[in-house]
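In what comes next, chain A is part of two complexes: it sits with chain B in the first one and with chain C in the second one.
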Partner chain A sequence: MVYSYFPGCTLKNKARDLDLYGRRAAQALGVTLEEIPEWQCCGGVYPMNEDEIAVRLSSVRALNYAKENGGTLVTICSACHNVIKQVNNDMAADGTISTHANNYLKQDGIEYHGEAREIHYLELLRDEIGYDKVRAAVKNPLKGRKIGAYYGCLLLRPSNVMKMDDAEHPTIMEDLIEAMGAEKVVYAMRNECCGGYQTLEDKEVPAKRARMILENAKDNGADTVITACPLCYYNLKKQAEAEGVRVVYFTELLAQALGVKDENESAAAGDGDGAPACKCPMAAKEETK
Partner chain B sequence: MTADYDVTAEEIEQISGVNPLRCMRCGRCSATCPAYDEMEYHPHQFVAMVERGEIDKLMESQSIYKCMSCMACIERCPRQVKPARLIEAIRLAVVRKQGGNHLCPDDVPALYDPDLPQQALVSAYRKFTK
Partner chain C sequence: MQRIGVFVCHCGSNIAATVDVEAVAAAAKKVPGVVFSADYMYMCSEAGQALVKDTIKNEKLTGVVVCSCSPHMHENTFRKAASSVGMNPYMVEIANIREQCSWVHKDRELATQKAIGLMQAAVAKVQLNAPLTAGTTPVTKRALVIGGGIAGMQAALDIAEAGFDVDIVEQKPTIGGKMAQLDKTFPTLDCASCIVTPKMVEVAQNEKVHIYSYSEVTDVRGFVGNFTATIKRKARYVDEKKCTGCGLCTEKCPMRKVPDEWNMNMGKRSAVYIPFAQAIPKVATIDPRYCLHLTKGTCGICSRVCEAGAINYQAKDEFIEEKYGAIVVATGYEMIDPGAYDEYAYTQSPDVVTSLEYERLMSAAGPTGGHLVRPSDGKEPKKIVFIQCVGSREEDSCKGGKPYCSKVCCMYTAKHAILTKDHYPDTDITVFYIDVRTPGKLFDEFYRRAVEQYGVHYIKGAVGKVVPNPVTGKLEVQGADLILNEQVHIDADMVVLAAAIEPSRSARQVATMLTASMDTNGFFTEAHAKLRPVESPTAGVFLCGMAQGPKDIPETVGQAGAAAAKVIGLLVKNELTNNACVAHPDEWMCNGCSQCEKVCPYGAITYVEKEFKMPDRTKKMRRVAQVNEAVCQGCGACTVTCPSGAMDLKGFSNSEIMAEVDALCR
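Presenting the complex of A and B:
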């Protein structure tokens, strides 16, 4: 199976692990993620207001490419998923937005009305590949690990558009945790905000949020928390050591369970959880800091 | 700052697509808001103040920069009022003014952290500038 894939800006930089292990795990499960050419940044946050058209266009271009190449666009980053899926819904259901966006895109020969399907990697695992197949492919079951899923905001809300799972009682990540042979830990803060981009202006806000989230996960027995969002990862990771909970990208854990994570890689990068996988000069420089 | 923005409640309602009259004042939006402690005006107050036409007060408040866009108020509102969209519309009315950007490129080096994901900068720019 081959799917069009939108990595997004952060998965090419700070969140290389999220991308690298996602692709490797997919390969191990018989799926190729084919990066779409000349993709543009999704913008990071969905433009909520009706009169913001230009900022929706990068999503529409990516969706239009997927329409012509297999019909499905896969994302791994929670933010890309949220933005592109909501824009896809606008293009299908909101005549005003769709008309204005298509007027812009006429010069590129694009006419798009929500024909493509946008799915998150978790949905690829659950709905396309199937958790039974994932379970059968696990070579290193994560026995004894107690893992809490951190959904944050972007995977689930607004649920009438995202349609991934029940926004208040999701199971898609917990089912994956169990498929990987670990024990799931359900905790109340798993779908509450980490503080997001507020971290740029005021570090204390996400610090407070992240401590609440990780404490809650730990109180319920979690040794590890997994996320699909680079910004959640950043905010949670800042407090992880103090709280005594590991924070890992879900794709990294999946690659580990499927036996496609190079253990030397993790040895070279300390605990291996989330350290830069790519040894580019910039990553190396940061590691020495 | 003078309270002279020439932005009407009707314009805010139009670009946000929110009808504040749908609100039944239950306060669930503010109860679930992760930025509640940081805000001078809380999500339910945004709805009530737009209904009363008190746009200037909201435009002058730092509250418009505190929303995390987590969409909890949108998801959990029993009347589908979508308070976050109102907050966004008012913030846009401010940053779209000449010189109204809340974040400038010159501010970034002091705020930068080598671990910061690109997503944080992109999102903050999208939210805080025109």
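Presenting the complex of A and C:
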């Protein structure tokens, strides 16, 4: 199986583990993620720009490419997923946005009305590959590990558009945890906000949120928390050591379970906490502080 | 040739503002057959009716068309007026130029044109109308009450008081309903058991009332005055007549792990059980899902210890049939499962409970003997948070939320707060609310007592998350205070959810059987929201209690009495006038195919062999349809099904309807 794949900016920089292990795990499961050519930033922070068209155009270009190449676009970054899926929904259901966007894209010869399907990597695992197949492919079951899934906001909400899982009762990551042979830990804070971009304004806001989340996970017995979002990872990771809970990308754990992770490789691939590979604005700002 | 009068109503400005009523009256004068036309401010008024009556007499009218509101409103009014001056009431037709014209249009010119069209269609129909006479049918003087809660019990007692027999069908093993599960009642704080159990005894002792407990209505046929209901008496495995209610079997039963529905599944009961000490009828019931004898063929202890020999493992469901003149629907309510609102952690912590569960925790007959403790560790809660409107007043229904206000939650939460503070004064209580709604006699005073006298903290705002902390055992409540515009964090010991009220799960099936209509929320619809609040649009079916909409106990009792009065008004009549607009076959055209018999929802059509004199002077036996006019409701299903066009409906004949269509298309 070959799927069009949209990695997104962060996965090329701070979140390279999320991307690398995602691709490798997919390969091990017999799926090729074909990175779409010349992709651009998904548009980012979509919800803040309700009537802005320009930020949606790059998402539409990516979706249009997927429409012409297999019909399905896979994302791993939950922020990109959220943006592209909402844009896809707008293109199919919101006449005003769809008309404006198509007027812009006419010069590129693009006409798009939400024909492509946008799925998250987790949906690829659950619905396309199937957790039974994942379970069968696990070489190093994560026996004895107690893992809590951290969803954050972007994966599940708005639930009537994302349609991935029940926003209050999600099970998609917990089922994956069990498929990998680990014990799932269900805790109340798993679908609460990590503080998000507040980190640019006031570091204490996400720090407090992250401590609440990790404490709740730990109190329920989790030794590790997995996430699909680079921003959640960033916010949680800062408190992880103090709280005594490991925070990892779900793809890294999946690659480990499938036996396609080289144990010495992680640091080389660039952990989220390591030196950034490029000077992205967020990293630059952080350094000046 | 008919002599037809056309009467155009202004309905104040309801019609006249959008339709040029004078133009309609003028246009009527040009329609062949119309000998008189007039417009008037309120045709339904005494003076308007007098105009109709006088004109019938003076102009020697043979037919009348009234251009006014829906026939649902005033067809009967004008038929009565016509009949008082000797005209057959079925010679009156209504052209609905209000609901179907003035109310739904804005353009005066177009609306006037449409009103003229509707008037012409009605005139065309009256041209073909023939006088009809309605027959009568006798009334069965017995009532059926579906549901044995406080609504059903009150209705049954009031009907019995007038001397009629009443059957109560209750699906649970005991009557009493939800009220019997309550601890105290607002705003007077009388003990619910102390007022409802005497009522239950009164029902049991009334010779006119018959209780079918652990039973369901499975089928209803017939029509007003003449219903036939099939009642399924579920196998109890205990002979009701022999059982003395001594309770020995329930003590000896070794299967003791059955979730106790009576205590909202917070305690356990045995497989053979009596729901509670004051149950009526006080007889045991064996739960076939858990009984070791019925599931595995072992045990049999209850049958050995029963001195009355009442246990019968071979019992089967029994079906009985009974005739009724009227039916009261009192199917009650349930609380929604707040599990979908998992931000409140109902599925994650046993210390998050619904209000009905809290009610059982407060009750002296409850799982804790009235000692308020946390279900998780049996400790007394020191901090309790109440969350209002869980699933009520919510437009987004993907979680099973309801758009309406559940009405009783504000008051019972104030009651819970007061009772808790009364028993455990050092408890800290916070209530998160959207609005506090306490209209009702002594209701607001009660709520203010909770705030002012008992010091309950009311916070206007919503709770975003309840996080159970397994280490401290606390429930971390995160909420917002909308007045102070502040985040609120409370480490609570218990959280109580005022979950929304929804109709009983069996209500839809009952509605289908009775062809009684329901609203989008599954509550039974009344015939008129203001003027006929206890009647279903289906004749002979009456409503009371929460089945019709959320309401408290006094309202329920009042409504039950009103429904009973309506039932009595029906049952005292010896006969009812039938619908005159019934189907009738043209026997010469009928080819005996039986299609009409199959589609008739009322079973009004049968086939008979009949001798006919043929044109060639021979005699021939032919199989033809016959309509029971007392049973036919005039729905018209047979007329459109009949392949040979033999079946026709009096008052709505094919030719009359085609004439209307022709007039409209002209």
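Note that in this section the second predicted complex is superposed on the first by the 261 of 289 C-alpha atoms of A that agree within 3 Å, B and C clash if a C-alpha of one lies under 4 Å from a C-alpha of the other, contacts with A are read in each partner's own complex, and residues count from 1 in each chain.
The criterion applied here is as follows: contacts are C-beta pairs under 8 Å (C-beta built on N, C-alpha and C of every residue); 3 or more make two chains touch, one makes a residue touch a chain.
Just so we're clear, the structure is a prediction, and the values are computed from it rather than from any experiment.
In the superposed model, A:Asn140 makes contact with neither chain B nor chain C. In the superposition on chain A, A:Leu200 contacts chain B only, with no contact to chain C. Of the two partner chains placed by superposition, A:Gln27 touches none, neither chain B nor chain C.
With both structures placed on the common chain, the touch criterion links A:Ser159 to chain B and to chain C. Contact with chain C, but none with chain B, is seen for A:Met189 once the two complexes are overlaid on the shared chain. Of the two partner chains, chain B is the only one that A:Val55 touches; chain C does not reach it. Of the two partner chains placed by the overlay, only chain C lies in contact with A:Asp219; chain B stays clear of it.
Touch counts on chain A: comparing chain C and chain B, the chain ahead is B. Of the two partner chains, chain B is the only one that A:Lys14 touches; chain C does not reach it. In the superposed model, A:Asn69 lies in contact with neither chain B nor chain C. Counting contacts by the rule stated earlier, residues 159, 192 of chain A appear in both its interface with chain B and its interface with chain C. Residue ranges on chain C touching chain A, taken from their complex, read 339-343, 345, 347-348, 398-399, 465-471.
Residues 159-160, 166, 168-169, 186-189, 192, 212, 216, 219-221 of chain A are the ones that touch chain C when the two sit in their complex. Chain contact summary for the complex, chain B toward chain A: residues 14-17, 34-35, 38, 65-66, 68-72, 74-75, 82, 84-85, 88-89, 92, 103, 111, 114-124, 126-127. Chain contact summary for the complex, chain A toward chain B: residues 8-10, 13-15, 41, 43-52, 55, 77, 79, 152-153, 156-159, 167, 192-193, 195-202, 205, 209, 229-231, 233-234, 237, 286, 289.
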